[in-house]
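Common to both upcoming complexes is chain A, partnered first by chain B, then by chain C.
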Partner chain A sequence: MATEAIARPPAFERIPLGQRLAANGLDAVTALCLPAALFIIALFIYPFFYGLFLSFEPKKGDWLANYQRFFSDSFFYGTIATTLWLALPVTIINLVVAVPVALQVRHMRWQRVLTTILVLPITLGTVLVAEGMLNYLGPQGWFNRVLMTLHLVSEPVKLVHNYWGVMLSLVITGFPFTFLLILSYVTGIDAVLEQAAATLGANARRRFWHVLLPLLMPGLAITFCLSFVQAFSVFPSAVLLGAPAGPTRVISIAAYQAAFEEYDYSMASAVAMVMAFVQLAIVVAVLGVRGLFYRGPAAGAKG
Partner chain B sequence: MMKDNTIGARLWRTAIWLFVGFFVLNLFGMIAAVVTSSFATRWLGTWLPAGWTTRWYFAAWSEFQLDDILIVTFQVVFAVVALAGLLGVPAAYALARREFPGKRLVMLLIVLPLLVPPITFGIPLATVLYRANLAGGMSGVILANLVPTVPFVILVMVPFIEQIDPRVEAAARVFGAGTFRLFIHILLPLLIPGVLAALLLVLVRTIAMFELTFLTSGPTSQTLVVALYYAVFAAGVRAVQSVDAMAVIYMVSTLIWLLVALRFVNPAQIVTRAKQQTAN
Partner chain C sequence: MAIAATNFRELRLDRLSRDFGTVNALRDVTITVKRGEFICLLGPSGCGKSTALNCIAGLLPATAGSIWLDDKRIDNLRPEQRGFGMVFQNYALFPHLTARRNVGFGLLMRGVPKAQAEARIDEAIRLVRLGEQENKLPGQMSGGQQQRVAIARAIVVEPPLVLMDEPLSNLDAKLRLEMRAEIRRIHDEIGAATIYVTHDQDEALSLADRIVVMREGTVRQIGTPRELYAAPAHLDVAEFMGFRNRLSGKVTAVAGDRVTVAVGPTTVTGAAHQPIAIGAAAIVAVRPEDMTPAPASTQSFAATVTASEYRGRDFYGLARTADGAEIAFRADNAIATGTPIHLSAAEARVLVFAGAA
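Coming up: the complex of A and B.
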């Protein structure tokens, strides 16, 4: 029991710096993620803070002038309500419809065919959907023709260049997005759990409310946030299919006009910051509500 | 699994299929309306056009200078694909193979540009690019499009690399392979399928990326989707059929790549990432 054996030299004298870093996972391989991280910092984080500071340096007036202008002019602050009035109903409709459809589709053999079809509007993008809807839903379009042939309406329904045009375009591109997200969550729920509930005598309705829905809640919250944020930032279809001067003057149009028509980048940044803030507020609220529900694994415990 | 055959359950199933059918029918109707219109001689107040022609394609081609626009589009798209791969794949490799302090922060940094919609971060980004004299040209468009695509490549590639057994690499090291030979003979062949899938998805997304390109492009750096937006926006200046012909050209150039991509990936991956594989 010699005491010399215990008296070791301090660790940092023995192990070179490179090895100590490597022991913590910092070596040449880790450094491979540096270029991408620096790129995102330079072109995503930096512009955000640049915009934030720029919004406090208005063209004229004191540092809050942009925000004072935004919240005192209904031409600006009204866009928040306009955008919410589009984005919230669309998100809720898409979510409420997508859940039963996803629950039904998950066992289907031709699931892949349907998902492929539904990927089309997402891939084609809002601009093409807008052009298609101008043709299809217009007063002379096939949709109105069918309605009139079936004598459901006596004269064409006005579905473009107003609120409904933008609303429908958000459903056409938003529903597939919501559906595919929810489908990926639904397929992640272990079928054993539902079978167990059925064995214990729960009917389809009780299985949904007491087993599936609580397990889906985290996924639903995330999907709601993503779909809402997408819908809230609607831009091309609000211009092309809506009435951008009035009922569908959404917040992104206000930001765009400030930047590229007035060339007031400071004001545009302020509008963009308000837009980001509203999105963040809704996301935080939804995730906060979600915290009240079940948290836990969606896979069966043991086989 | 258990199939409920009560009347209520059957009605419910029927209602859901009716809804899906209605949605798909309208979707196809919308696409078919554009295609039909692009081949129409005159189409006013009837179910089908009075006659058929292909002349609108030639008209659109010269009116919108589509040869220039297509060249710009493919230059932008392939530059974005190449750079997103070069930046994204090594980063994904590092994140899949190493645990290090601050990894969660790096992951957050990577997820954020995908969660924040392009128009929200596009305006400050365009401002910065204009101040740096980068916007208005091709380089600005490419840089802006890289912001969401680099994270996308990383998020698709990380689970893919994680499922490659690190012992394969270790074995190659044991047999004396240097880093270069390890990369060429071991990693590259194993990574190719994942990289291909990720880059094809980037390709499809970049062709269709409207907002960022719109905010950063100048007259000589418009991609097809931005040119299409301006054409639809100025409706009435050109014949509807001409705009529709351009829309069909855009549709074809997107769908070709989508079809190629779908040979390698699950369609749901365009929205989510390889969830299905990890979930079950």
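Coming up: the complex of A and C.
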């Protein structure tokens, strides 16, 4: 009869479902993710899978016909090399230039002014930059006229409507983006670490190689990926400043032509899928390399 | 192999100054540090002690004055050319390197041959008693362990001078006492000179051979802990040495360095370390622990207890005189708030300074 009076241990009491979900990080606040999730599904996931399935429904031939066509015709598969040949050097140049500039800028008093100037090209947009370059770097542009007047060259240097035009414009429009990302990573490194290295006998060069660069590596990898993806999907400047029929026929041009000149959306989707796959392969490779480096906080101590 | 400091006689700061815009963070600081000496720069935050340390390390260029290591002028050298060891307040360990590679960093930069470097790293790790932690990353270590790595990293290059910038301020009270003893032991073992910045007078008193008290960018007094504790030369040095009670009055009698001051109705006699004239305004400084309940007399302060707190062995309280002056005192027994009380201090424990509060 006394057993009735003994309360059951609390552990056996039923915890309400809401509390159990909350303990696992699911509560009403989680629902705030819904709009963003819907947005991503509607604008990214659905179109992606739509394109993926479309690419397997060619106008004629079996389900792999589009891919067979792509990889058997150099007019198509050649665009991968052409695009990589633009995007990789551009990304590397932007990174290699942005790191020293960012290292200098972080100590400057006029950091904001300088950052604003450097960021301006982003706001101008690719087309405006392309127009400007056509005028400035063209055969009758200021650049060539000055070189000719100074008798440094006998005929105009060809800097537009070829590989170099596209490359230059990608550097100009891509640099600010790369620089801003790198600057935020660089300022995230505690300045006292460099001071510590200096008191231990490391000169500026060795402070860079032994302290700054290793701590910057993860940030460089992310920046590389983002800059690369941006450069890889080049389209307007490849058309405006390049030779879209030949040396700068990048992969996005191939997709554009398939879609809007041949009206073969299925083939265009296949080209887009190949494009996505190449980007993904490079990004995965770079992030894999990043895994080899230290990835913790870049401060001197906790807290 | 043992780690021993590079040989040198002395480090001299000669009228060292540093301005930040129009602010004089450091003004005409002249200090001589001998080999093997442990010097504490003591002062409140903003007094210029860290600025002085950064100037010595070369992290901050001085705007005037010079720094000499024996006969060599070093204030124009870059930090990496000075070869001093430095322990930073937040330790500044390289987060991507293990404790062992942190310690070895200075040796790597100096191109010390590998076998020799390994032996010296082992010795430094033994010296700071780091033990098993050597292959951990700094992020995996406790504050005390990081502190040990930071010290090992600074001393493994056998610097003539070790600079420490409030190295204990991020540790809890118990660890702070422990590391304090460790720092002194390591200092004695390697024989370098140490310049140690702190705002904690207990730390300075227990660690230093000599203390440099700084205030507003200038040196107020240099002396051994005993000298500073017993005979602070300035009122603000006295304040830092625990003379919390400061009572204003007028000098009524002078006999050698024994000066009598009238503070309201009370006359107090104490020692003055500077000349002071009869009739001059004076401040009487007494430590709370020397101010105790006493019988009513013309030499004791009549006051009312306003607060009292238990400190284990005894009680500390606050009392207010009829003039409104507040006096902190020590008592053996609890005294209820509102109790009238008379307080006095032994003559040997009273200091008199010229000036008005």
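Worth pointing out:
The rule we apply is simple: the second predicted complex is superposed on the first by the 270 of 303 C-alpha atoms of A that agree within 3 Å, B and C clash if a C-alpha of one lies under 4 Å from a C-alpha of the other, contacts with A are read in each partner's own complex, and residues count from 1 in each chain.
The criterion applied here is as follows: a residue touches a chain if its C-beta (ideal position, glycine included) is under 8 Å from a C-beta of that chain, and two chains touch if they have at least 3 such contacts.
Keep in mind the model is a prediction, meaning the values are calculated, not measured.
When both complexes are superposed on chain A, chain B and chain C end up sitting side by side without clashing. If you stand at the C-alpha centre of chain A, chain B and chain C are 90 degrees apart, rounded to the nearest 10. By the document's definition of touching, of the two partners only chain B reaches A:Y265; chain C does not.
Comparing chain B with chain C, the partner in contact with more residues of chain A is B. Of the two partner chains placed by the overlay, only chain C lies in contact with A:P214; chain B stays clear of it.
By the touch criterion stated above, A:V127 is placed in contact with chain B alone, chain C being left untouched. In the superposition on chain A, contact of A:R206 is made with chain C only, not with chain B. By the touch criterion defined above, A:A198 reaches both chain B and chain C. Measuring only between alpha carbons, the smallest separation of chain B from chain C in this overlay is 5 Å.
Applying the stated touch rule to the two superposed structures, the overlap between the chain B and chain C interfaces on chain A comprises residues 195, 198, 203. Listed in rising order, the residues of chain C touching chain A in the complex are 57-59, 78-80, 82-86, 88, 90-96, 105-106, 108-110, 137-139, 143, 146, 153-154, 157, 163, 170. Those residues of chain A lying in contact with chain C across their complex are 190, 192-193, 195-203, 206, 210-211, 214-215, 293-294, 296-303. Across the complex, chain A is touched by residues 1-2, 4, 9, 12-13, 16-17, 19-20, 23-24, 26-27, 29-31, 33-34, 37, 44-45, 47, 87-88, 90-91, 93-95, 97-101, 103, 106, 109-110, 112-113, 115-121, 123-128, 130, 143-144, 146-147, 150-151, 154, 204, 208-211, 214-215, 225, 228-229, 232-233, 235, 240, 243-244, 247, 250-251, 254-255, 258, 262, 266-268, 270-272, 275-276, 279-280 of chain B.
Within the complex, the chain A residues that touch chain B are 24-27, 29-33, 35-37, 39-41, 43-48, 50-52, 54, 97, 100-101, 104-105, 107, 112, 114-137, 140-143, 145, 172, 175-177, 180-181, 183-185, 187-188, 191, 194-195, 198, 203-204, 225-226, 229-230, 232-233, 235-236, 239-240, 252, 255-256, 259-260, 265, 268-269, 271-272, 275-276, 279.
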